[in-house]
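Sending over a structure as structure tokens; questions will come in a sec.
By written order: A, B, C and D. Residues from 1 in each chain.
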Amino acid sequence: MEAVEAADGGRDVHAWDAEITLDRLRGDIRRFASDRDWEQFQTPRNLLLALVGEVGEVSEIFQWKGEVDNGLTGFSEEEKKHLGEELSDVLFYLLRLSDVCGIDLGQAAGKKLLKNIEKYPVSKCYGKSTKYNKL
Amino acid sequence: MEAVEAADGGRDVHAWDAEITLDRLRGDIRRFASDRDWEQFQTPRNLLLALVGEVGEVSEIFQWKGEVDNGLTGFSEEEKKHLGEELSDVLFYLLRLSDVCGIDLGQAAGKKLLKNIEKYPVSKCYGKSTKYNKL
Amino acid sequence: MEAVEAADGGRDVHAWDAEITLDRLRGDIRRFASDRDWEQFQTPRNLLLALVGEVGEVSEIFQWKGEVDNGLTGFSEEEKKHLGEELSDVLFYLLRLSDVCGIDLGQAAGKKLLKNIEKYPVSKCYGKSTKYNKL
Amino acid sequence: MEAVEAADGGRDVHAWDAEITLDRLRGDIRRFASDRDWEQFQTPRNLLLALVGEVGEVSEIFQWKGEVDNGLTGFSEEEKKHLGEELSDVLFYLLRLSDVCGIDLGQAAGKKLLKNIEKYPVSKCYGKSTKYNKL
């Protein structure tokens, strides 16, 4: 992925992929906002409503499809690309919301995963979709 | 963060924080599902509805608060922890949804950020919250 | 449906069904709030986030079900009742949000239906789920 | 509101306002779908995702506004009209979802209001936004 120099004040935006860290993601999103003087708009509830809006756009992609199998075999390349963009927008607002709330999302998520592991012991919920309070 | 051995089949769950990579997050979430034989339930639309449910839980935290400032000065420690947990659940379903759809979320997000940088040139949108198609 | 006198300040809450008017619904929801001095909390964005929370609860009912047929043949009576309650909560917040925004939802909906009829002419979209801007 | 004859197969669409019944709304929405042979797409989960999409569009209207007062004093006439349209779309999908699920939304809502009146006794929750399980 090429850097976009002129458009972003001469700074490089480097390639991303699955190896990118949450911290790097958070920093790039924060810089995107500060470069545009948008921090004034990015209050917790504004960002939350923006997140809801983006989840709505993901939903629109799936809304008339009936059940969809993993790998999205019935999707066109254009639809897959569109979906990747909308999921990215959800990620951006989620990271930004966590950031302005002063929450280290990586740390919070690590703790929550441990909590989920305890709430859903393998021996009790193997192969069952039952909610933990009904196990 | 301590490892939870007995609860998760003897495997370690290492500490996470902002330095964690998206790939590591994706892998741990995937393993959490496969350990429980839950992949059968984790179709794209099931995961999307679960994501909507978690966004709803984040919304419930903010719903009667009126405007909230950055850093959440009016929140109790318990509320902040609860918020971190719900934001984590959103992240889990977002990563898992991307995973079952065969989308490399890091790569998609890098491309989308470049696209946003082009859609919102600093010179045109500095200090303005106007949508790109109204700039 | 019996009236609940003691619980609601001696006023009757009459039976509702599909014959009820939007105006009656709006009035009863407004009175429910004013009886509890809750109008102070019911600002547009608070109500919108509450609406998002309730849509999340509806989603949780459907999230692990895979495709569901009309009439909900796989649902227990308890699940159906629960769904009716959550759909009702969505309706309450939708009516209340419209009310505090000063929008006559019945009138707005009538106009929007006419607009949809024009956007989606029968001759062009019979049997097709295509969005109007791609017809 | 004038009837739109040519666009909708010669049938009249009468004026709506707050006096309209839920049953009339439900019937008109159902007819809108059946006239277009769209019932095949209107399964419960498709309609639910469409509802989520419309709630997302309402959220987009409010997302960069900060706190908004009742009556929407800072909104332009165009924004108010747009909001009325998006709230109407939420209502349409809510009614249609209830309809295909075989739920009498008016009756369900009447019962739920009674339940809420019992869950939130005036004496205990006057002037408090506390959730019923924390009263």
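Criterion: a contact is a pair of C-beta atoms (placed from the backbone, for glycine too) under 8 Å apart; a residue touches a chain by one contact, two chains touch by 3 or more.
These figures come from a predicted structure and were not determined experimentally.
Engineer: Taking contacts as defined above, which has more of them, A-D or A-B?
Structural biologist: Looking at A-D and A-B side by side, A-B shows more C-beta contacts.
Engineer: Go ahead and note the Å separation of the Cα centroids belonging to chain A and chain B.
Structural biologist: Between these chains, centre-to-centre, one finds 4 Å.
Engineer: Calculate how many whole Å lie between the centre of chain A and the centre of chain D, each centre taken as the average of the chain's C-alpha atoms.
Structural biologist: For chain A versus chain D, the centre distance works out to 28 Å.
Engineer: Which residues of chain D are in contact with two or more other chains?
Structural biologist: Where chain D meets two or more other chains at a single residue, that happens at 41, 43, 45, 48-49, 52, 55, 59, 62, 64-67, 129.
Engineer: Graph of touching chains, which shape: line, ring, star, complete, other?
Structural biologist: complete
Engineer: If you look only at chain B, which of its residues touch chain A in the complex?
Structural biologist: Touch list, chain B to chain A: 1, 4, 7-9, 13, 15-23, 25-26, 28-29, 32, 35-38, 40-41, 43-45, 48, 51-52, 55, 58-59, 62, 65, 67-72, 80, 83-85, 87-92, 94, 97-98, 100-118, 120-122, 125-127, 129.
Engineer: Taking the touch rule as given, give the residues of chain D at its contact with chain B in the complex, in rising order.
Structural biologist: 45, 48-49, 52, 64, 66-67, 129
Engineer: Provide the residue numbers of chain C that touch chain B in the complex, in ascending order.
Structural biologist: Counting only chain C, the residues touching chain B are 41, 43, 46, 49-50, 52-57, 59-60, 62-66.
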